[in-house]
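All chains are identified by letter, namely A, B, C and D, in their written order; residue positions are counted from 1 within each chain.
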Amino acid sequence: MKRIGMLTSGGDCQALNAAMRGVVKSIYNSGQEVEIYGFLNGYRGLIYGDFKMLTSRDFSGILTIGGTILGSSRTPFKTIKDPDENGLDKVEAMKQNYYKLKLDCLVILGGNGTHKTANLLRQEGLNVITLPKTIDNDLYGTDMTFGFQSAVDLATSVIDCIHTTAASHGRVFVIEVMGHKVGYLTLNAGMAGGADIILIPEIPFDIDKIAKKVEQRLKDGNRFTIIAVAEGAISKEDAKLSKKEYQKKLNNKKYPSVSYEVADLIQQKTGQEVRVTVPGHMQRGGSPCPYDRVFASRLGAEAGKLILEDEYGFMVGYRNREIVKVPLEDVAGKLKMLDPDAAIIKEAKMLGISFGD
Amino acid sequence: MKRIGMLTSGGDCQALNAAMRGVVKSIYNSGQEVEIYGFLNGYRGLIYGDFKMLTSRDFSGILTIGGTILGSSRTPFKTIKDPDENGLDKVEAMKQNYYKLKLDCLVILGGNGTHKTANLLRQEGLNVITLPKTIDNDLYGTDMTFGFQSAVDLATSVIDCIHTTAASHGRVFVIEVMGHKVGYLTLNAGMAGGADIILIPEIPFDIDKIAKKVEQRLKDGNRFTIIAVAEGAISKEDAKLSKKEYQKKLNNKKYPSVSYEVADLIQQKTGQEVRVTVPGHMQRGGSPCPYDRVFASRLGAEAGKLILEDEYGFMVGYRNREIVKVPLEDVAGKLKMLDPDAAIIKEAKMLGISFGD
Amino acid sequence: MKRIGMLTSGGDCQALNAAMRGVVKSIYNSGQEVEIYGFLNGYRGLIYGDFKMLTSRDFSGILTIGGTILGSSRTPFKTIKDPDENGLDKVEAMKQNYYKLKLDCLVILGGNGTHKTANLLRQEGLNVITLPKTIDNDLYGTDMTFGFQSAVDLATSVIDCIHTTAASHGRVFVIEVMGHKVGYLTLNAGMAGGADIILIPEIPFDIDKIAKKVEQRLKDGNRFTIIAVAEGAISKEDAKLSKKEYQKKLNNKKYPSVSYEVADLIQQKTGQEVRVTVPGHMQRGGSPCPYDRVFASRLGAEAGKLILEDEYGFMVGYRNREIVKVPLEDVAGKLKMLDPDAAIIKEAKMLGISFGD
Amino acid sequence: MKRIGMLTSGGDCQALNAAMRGVVKSIYNSGQEVEIYGFLNGYRGLIYGDFKMLTSRDFSGILTIGGTILGSSRTPFKTIKDPDENGLDKVEAMKQNYYKLKLDCLVILGGNGTHKTANLLRQEGLNVITLPKTIDNDLYGTDMTFGFQSAVDLATSVIDCIHTTAASHGRVFVIEVMGHKVGYLTLNAGMAGGADIILIPEIPFDIDKIAKKVEQRLKDGNRFTIIAVAEGAISKEDAKLSKKEYQKKLNNKKYPSVSYEVADLIQQKTGQEVRVTVPGHMQRGGSPCPYDRVFASRLGAEAGKLILEDEYGFMVGYRNREIVKVPLEDVAGKLKMLDPDAAIIKEAKMLGISFGD
């Protein structure tokens, strides 16, 4: 008999359910008896002992359903080491619930923040297996995360729609794409949507070069320009600031986000009409795309296998086209960023896409 | 031989191309010889004589393509009666181009603003046929406009995506839906997306009732609330202001749009986390939905028939399930709004949807 | 306290769940206490007393889910008046279960066959309310049925995909569209997908005219032809046969369906390569389109209202843009067909579409 | 000045246009002057000198368009070495046209058959660069082909739709998925669609094991079973036949395809109602998915780079996450099949999927 705790933490994304279904199906199909404790709303459920017992029925029919049947939350991450408002030591509370329920292991699905905490729990002696979930694809130790391709599909569908409007009206359109501090999502959605300019955090931009590109397109007879801007994009000037100075600037900013700043500056410099679209949270919702369903199911199945073999302390990741186990200590606290000299960046430039650099 | 001028004016929407294809196909198939002058970028093309000759080839394969092959613009509407910056009388310029090209008629596709100008040209003696284009469905004289159902589909797809995120995180989500000054689009997308609260211009809202509904849902065990807000939604207090006072308030407003105001107030009143999504112009883009393709094609075909019969001065509209010709003077300058006592509103309320009234 | 039995019968379609949710939500929101007995797998559940108790929770989150949470079946229709294999009188059995459970009424969702049985139960003294469900839109007494628009969307998406292949290879493609014995679905999907030829049961076709049209298109420089064929399409010759003779011919036929016959004959007559695609049951599956979600929700809400007012013996239908109650005896046993002289047919012809007549 | 011939050959698929746009954009953006000769309808255009001159304009806006702007054909493959019906030596004819037009190279987009011919032309001394196009992903020398992921998406969407119908009616559904002689497409669509049984050419099936699985599912309370069958799936018995014997059997077969045979046998053995859906050519149509757009664009850009560097005789492929050049002689005539012991197969089995083995 295995007693497994499971939780999803951080911003939700597509295929969380598919991944959990994979874990549970592979254990059930092995014939191993199992009890599954689903902790609600991320680490919060583990801290406060808020869970429900799940059976294989609960995982039936959820392959194609977005979100997470366990709920998620971001709250405890920032202050995981501190006591909560009632003085409760959160790490200690998680350990106690783990032991009280006599769990054999925890299956934790999450992104960067989640992995820091997961590694902390591992260091505290708990058996932990994690799965790499994020639309940002910024998790160290894996080439791919689930949620990413679904988010690319959605962000691209927005750019596709904007394209017809931009072309009809001869406007400049800025589409703000998610992706936290990295550019994978914006780069892929931008290339897929035929963006003319793509701004990502890894390549700080020069607003004058962007304006010049917009004007050049007009001269070449192109009535419109599509600009995909990562929510974490940054100008060359701002990139020179210290973290503190930049945060201060952000707090005082007159724009709700970098997209609006870029849009305003282009309008000022070129005199062209510029519009901004911010699809926002829709990028992390809806049914997972087939790629993510297959990928998350595979990762889940392999996580189940590790549990059956009592191998803990790993993230199940994907490297060089193989599903591999990556030690948690190699993942926690590290960010995977795009290399500005990566082949895909060079290819994008060959296609005529400007990065404003 | 018929010499037909054609133009698309105002904000673009889906199925403009489908409608133009319908007009042209029905004339070509009648065996009537025809020359088609496509004026570029709305009335601007007619004013400045900017056009290209089109053949049946140009209309092949565009049934499913969003936007307009002729381009569009909004500019000349506001000042149609005044001279332009060079002193040119714009109405006079349009008439001169019409006569210079010896046109038999103009086919004009547009929404409310466009129809005012179209009627003006009719009063000046030009032969005009119009087609009702707008995602807002606010055109007087027709039960339906093309673009509307496509926009409903897109706005609903956004709400669908947001739903999974809202459910996972237990948040309140405000989705701002287009629709100008009327609520058709928001009402339909909201009902289709399972929104709990729908705010439309025709039913001014009481923010306290909205907050109460959000709290009631939480008490009933619903962790999240979806609120669809029309871009033209208005509070009961603001609805009492004079047009001038309200405009003044809008100019001084601290929120980019009413959605942000609603979101902020709910957060203040309920303490719940509220997020805003503004899909914006994507709602008017992309391939038209099948309903709009059929509908626009039918309207276009009937417009072609009117031209073949030399019947001018009409909008081709849809009433009580029949395609009809509506005198332009009955359409121009009038807005079609939702009746707050309409059956669909009552039904929405039966389903438990709150309008904040 | 209301005690309501509910069942879905016949081929499933999109928005069955949306409609049931509408009924239940409107009753719950009225404050009326209610017990809901969900009979499983159509009339079969009512005959054999196979049901489950449902609460408002069961109807939460199903607005966007295809299929039916109650299951469906076609079996008992054909022999509803005869005893089953154990000698059980099926009508009597349904009545007994109705009275045993002390039901106030039955809510029955279905198409043509279903309505015959529903009317029979009404004649036997049971309180019945029905909702018009079918992708065929062939129900008498209502302008529209839910499921129809969703099926149009899916069939159109298939034609859209085929279009690019047909154009690339210069082929003739036959797409077989569902619709039972009527042409609504094929006509609308065909027009939306830009089909060149549309064959529907209401307009028997002449294969020579179809072949001629294919050849004419080739001469005009169009390398491909798209033909949308209703599963119930029929040739002029076959249309002259008696029902018995035609059935005999169908039984002896060498083709799996009329599409294959049309394809084979065109290939013989024109020498062109012809391919057949039969999307089949996918047309009745998947998430309902926004139009159907709104429409089914509205019908459901009004059905709930009738129940609250103890008004029975009606189908809730849609006529001239109003939701109306239609006496069941006016609906049962009647088929709604397309009028070959309907405006939409004429418009399709104006657009150059051939019906092979 | 570069003079480049370009052609697309074999069954069309998604992202052919995206790939050609990539080649052309990267050359134009390099500043290199270029003349592009687009041969029409595959090798046929090269044989008979049927081409059109293309400019960068022709490649604008085609990133998202399915099919191929050059047309395609399969015909000449089978008999490439033989003279045509007029005695013309086809290989010689292609060479002559190549030299007559003073081409610097040919860019050829195609699958397995296409690559055999491309390699033949290379052996004859022509400069050739190829791009790996096929929904089957069966090309040797590359981990991935464009078109594959788009086809997975479409086939999955069909299974998704069928799922709701199957669940509502408690039926067994067989969905026939394309993929020629390999199982990649069926495996991925089947896993993404939640199929219970997946039959692929690489793992011959035992019909009794399939029937047993169907019955086991019924016993476990699952009312329906989804079976994804590759068009090239084969039974254990048939797999033992010689190629000649098997071909003879196929010619005499009473079923239109293996899916119908599987369906019929399951129905016989289990007594359950089984339905077949054959989405067919729709799987290779429609707009390419974002993954394919990015992937094809990248391959195209790198092909352009090779041309600029006068490096010929290669297919531009993808291996271990890098875009690489693969010598044509290493690709031609080889088929890439799934390894029955691949990790993904094992994972599918862990998830409870049966392969009938």
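The criterion applied here is as follows: a contact is a pair of C-beta atoms (placed from the backbone, for glycine too) under 8 Å apart; a residue touches a chain by one contact, two chains touch by 3 or more.
Everything quoted here is computed from the prediction, not taken from an experiment.
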Smallest count of steps, each to a touching chain, taking chain A to chain D: 1
Intercentroid distance (Cα basis), chain C paired with chain A, Å: 42
Inter-chain centre distance, chain C versus chain D - centres from mean C-alpha coordinates, in Å: 35
Chain B and chain C, separation of their C-alpha mean positions in angstrom: 31
For chain D, residues contacting two or more additional chains: 160
Interchain contacts, given as pairs of chains that touch: A-B, A-D, B-C, C-D
Of chain B, residues touching chain C in the complex: 22, 25-26, 28-30, 63-64, 143, 149, 152-153, 156, 160, 188-189, 191-194, 289-291, 293-294, 297-298, 301-302, 304-305, 320-323, 343-344, 347-348, 350-352
Contact set on chain D toward chain C in their complex: 8, 11-12, 14, 16, 41, 65-68, 71-73, 154, 157-158, 160-165, 167-170, 173, 223, 256, 275-286
